[in-house]
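Each of the next two complexes has subunit A plus one more chain, namely subunit B in the first and subunit C in the second.
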Partner chain A sequence: MKKIMNQEENVMEETLQGFIDAYAADYERVDGVNGVIYRHMDPDKVSVITGGGAGHEPLFVGFAGKGLASGAAMGNVFAAPNPDTILEVTKAVENKAGVLYIYGNYAGDVLNFDMASELAEMEDIETRTVKVSDDVASASKENKEERRGIAGDVFVIKAAGAAADAGLSLDEVTRIAAKANENTHSIGVGISPGTSPGKKAPMFELPDNQIEFGLGIHGEKGIRRAEMMSADDLADEMLDHLLADAALESGDEAVILLNGLGSTTLMELLIVNQKVHKELLAKGITVYDTDVNSYCTTQEMGGFSITILKLDEELKTYYDAPAHSPYYHK
Partner chain B sequence: MEKQTMNHLSVDDVKQMLLYVGETITASKDYLGQIDAEIGDGDHGTGMATGAEAFMKKLRESEFETINDVFKTTGMEMMKSMGGASGIIFGTMFSDGVKQLESKSSIDHTGLADIFRGSLDSVKKRGKADVGDKTMIDALDPAVQTLESDASKEWTLTEVLKHAEEAAWNGVEETKQITAKHGRAKTLGERTKGYQDAGATSVWLIFKSMREWVEQHEG
Partner chain C sequence: MKKIMNQEENVMEETLQGFIDAYAADYERVDGVNGVIYRHMDPDKVSVITGGGAGHEPLFVGFAGKGLASGAAMGNVFAAPNPDTILEVTKAVENKAGVLYIYGNYAGDVLNFDMASELAEMEDIETRTVKVSDDVASASKENKEERRGIAGDVFVIKAAGAAADAGLSLDEVTRIAAKANENTHSIGVGISPGTSPGKKAPMFELPDNQIEFGLGIHGEKGIRRAEMMSADDLADEMLDHLLADAALESGDEAVILLNGLGSTTLMELLIVNQKVHKELLAKGITVYDTDVNSYCTTQEMGGFSITILKLDEELKTYYDAPAHSPYYHK
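On to the complex of A and B.
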């Protein structure tokens, strides 16, 4: 696979440097580690920190910003950040009102953030954690806390960032973030694998005519393999899984995110979106807002995910609050 | 230097031995990466090499008073540098075994058994995993058990470590029969059968290289 890069070992460093060079007015690098912070923070407010493995751009760095996270702690490509990185970012953000960690639910991220949290407590910084677990294909509904986090990170960070911006306490911001996670459900479909920078082989094998429902963003096994099908049929099968799981009913309001995984085009995403809207309308579900974008990617992986955030009045307030980063606007 | 059978390791011996472990891990980067790529994301070799380079640098530039400090420093450097699940798990394997141990400037094979027993208990607790989950514990647990059962024997350090190394390798072989229950490989389920666990392979390499170093430094 051709990839525009230099040495493999410099991929993370050069990605972060490129980001800082582009947006230095609003972001700065945390000394000595792969972390960035948003410059314009309020010392009296709670800080949200996100993070995870690199390679999913614009997540996670691109979700630091106004009304979003205050900082991002980055690991190497598809590997959780180390505790030192998370701790240094925690110390670099405004932390007097406490810090909420929000990240996708993966073993490596949990181990490293938990350790960072212990280290932060030793420095008298209060922390809380909300693990995003929106992927309905990764575990049963009864085991929601075992589910992986995929594009749903966006809605949870959005809600928490807005709650922090509104001046809520650490416990309240945590409650809002946890509620957003409870109300966020996603499912993905993979049609072609991506390649990790510097690696010759693709991240997983998927025959050319095959697709996988529920495929994870690192190639984790999904629900079933199938022959390639039309956009309408894809949307139908994905919505069947999602609506059952999210307990969405006629009269409910929801926000939809169609997230491309890297090489899937906006045209393809829009074609899926027309079917998603048609089906939701037929079921009496009000689409409050729609976002068609590629926020949570896996290099040139082909496919997309559909994320549904079920709204109530409280979540609507925080969803509507202004937010801004170079890659996200509200 | 002792030219006869080696029964004790001094502070400097432990440091030199762990430096040799680090060099072995670094040299095995591609081997570990290939094993991991079968059922994981192929970054285990790179991650372990990053950790090894970090602890070798720190060990080389530091003076140590106790064996506890050497192990603790090795583990902390891995935790700080590696990231991923393996950073915490392998960092814990080196740093936590000496936590409950009184400060020592020399250890024999009983001391090694004590250290790795502490490591194993901590790794299990932190990783929320046990034998049979297709993780590095499948190699570390049998290695520690042989270290403990050999503690009372009149064996040389080389013999004891050789036995632990074999137990670790048998553990690696057994991971091929297991379906993954932890980490990213978990989601591949049945597809992970037939492949050895990369973390378990690293544990075997660590015991193998400790044995090699001791063997080379015996008479």
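On to the complex of A and C.
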């Protein structure tokens, strides 16, 4: 697999430099670490910091912005940011009103964000944490707190960023983010592997007639290997898992995110979307809004995920609030 | 290559249905043809219609929107829209003030848009045409009018949509679009092929250590096959071609679009961007704005293009005007 890059050890430095070069009016680099902050935050409001391993672009850097996160702390490719990186980003954002950390639920991220939180406390910066755990394929419903975070990050960051922008307290922004996470369920499917920069071999092997149903965003095994199937059949089976798990019923309102994992085309995602809409309509579920894009990728992995955010009036308010970054708009 | 789809003959129908399902508040389908229009256009203003073969998503459908095109006429995958499709879209948009067709310069598109233009004239709808011809690898500088259109479509549609939104006459909108095209130069590089929906074989073959320098967006041959090179070397060589052709000099202002062709990751595009910025800075060229995204794709083709729009004060005005669609924001 060819990658368009220079030396492997410079991948993160050059990725962040390329981002800042492109969008310098709105973003700045945090000195000495792999961190980026949005320039235009209100000093009296809560800041949201997101982050995680790189390789999922535009997450996480592209989800700092207006009505979104105030900063992003990045690790190397598929590796958690270290505590010092998180701490430096925490010190670089407006932090008088407190800081909420939002990241996908992975052991390395949990360890390092928790350590950063302790370090921040020693500098009198108050922090809270919401771990995104939307992947229904990664643990049972009873063990929601063990589930991994995948594209659902988008909805949790969106809700928290809007709540912070509305001037809510740290505890309230945390409550809204936790509620968005509780109401967000995703499932993914992989059809071909991606390759990390500098690696020769793809992240996993998958025969040409097979798919990985329930695949994670680092190539983690899913629920089962299955024969390749039609877009309609895939959508049906994924929705069956999601709707049961999310306890969505006729009369409910939801937002849908169809998220491509890298090399899956927008055409394919739109084809899946027509079936998702047909099925939800048939079940009496109102689709309040839909987003078809590739926000949370795994290099050039083939496949996609479906994320459903179940709405209530409170979450709708925050979902509807304006937001923008170079890669997300509302 | 696996594709997430249903029957091959339904690909376009389901793609457009998926788009309308997702974005029904802003877009509607044109009855009976593969066309889409933006709902909120001013009846007294000029309409811009774009279109071409499908398979390049989000172009062209995703470039109908506020301050952009009023509608998109789509063919099947990599096939020009037929004259009837273009005519029906022309009749569906606001057309009292006239309609400007903007599309990439390919024989089939030229033939069919010209025929649609004659049919529209018979229905007393005035039309003009600007063919996008930004690909410097596809013909010599002296034969600019023979060049193909690639990602430069974005800048030409943007300028024309803004000029239409500003209330300019059909002739003036046409002049602005033609000027944007004159000032837009692109070059692409392919590192791996894409596959059309329903086809078993990829669009071309490329050994793992080679790239196609100057590749077109349907797999057209470029200037030469080359050994795979670093991101920095690629950027250097592409800029050499572009700057000479665009006659960009120290003191000039330009907008840069780094456009991924499908499976090339945002990380790779950002890495290229840091080198592009470094070189332009060294040459005294002011980068007025940068966009790093995948707007004009070729299924899951690997590679990217660099597009440079040379600005003057007039083009800057139209570039700066607000625009939005689900896939483009300004």
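Things to note:
Simple rule for what comes next: the second predicted complex is superposed on the first by the 330 of 330 C-alpha atoms of A that agree within 3 Å, B and C clash if a C-alpha of one lies under 4 Å from a C-alpha of the other, contacts with A are read in each partner's own complex, and residues count from 1 in each chain.
By our rule, contacts are C-beta pairs under 8 Å (C-beta built on N, C-alpha and C of every residue); 3 or more make two chains touch, one makes a residue touch a chain.
Bear in mind that the values here come from a model prediction, so they are computed numbers and not experimental data.
In the superposed model, A:190 lies in contact with neither subunit B nor subunit C.
Of the two partner chains placed around the shared chain by superposition, subunit B is the only one that A:106 touches, whereas subunit C remains out of contact.
Of the two partner chains placed by the overlay, only subunit B lies in contact with A:203; subunit C stays clear of it. When the shared chain is aligned, no partner comes close enough to touch A:65: not subunit B, not subunit C. Between subunit B and subunit C, C touches the greater number of residues of subunit A. Once the two complexes are laid over each other on the shared chain, residue contacts for A:277 go to subunit C alone; subunit B is not touched.
By the touch criterion defined above, A:52 lies against neither subunit B nor subunit C after alignment on the C-alpha atoms of chain A.
Overlap of the subunit B and subunit C contact sets on subunit A: empty, with no shared residue. Residues of subunit A touching subunit B in their complex: 53, 75-85, 106-108, 111-112, 115, 138, 148, 196, 199, 201, 203, 216, 218-221. Within the complex formed with subunit A, the residues of subunit B that make contact are 37, 41-43, 46-47, 50, 79-89, 126-127, 182-184, 187-189, 191. Within the complex formed with subunit A, the subunit C residues making contact are 2-6, 11, 14-19, 21-23, 54-55, 57-58, 62, 191-192, 197, 208, 211, 228, 230-232, 234, 258, 262-275, 277, 287, 290-293, 297, 299-300, 302, 304, 324, 326-327, 329.
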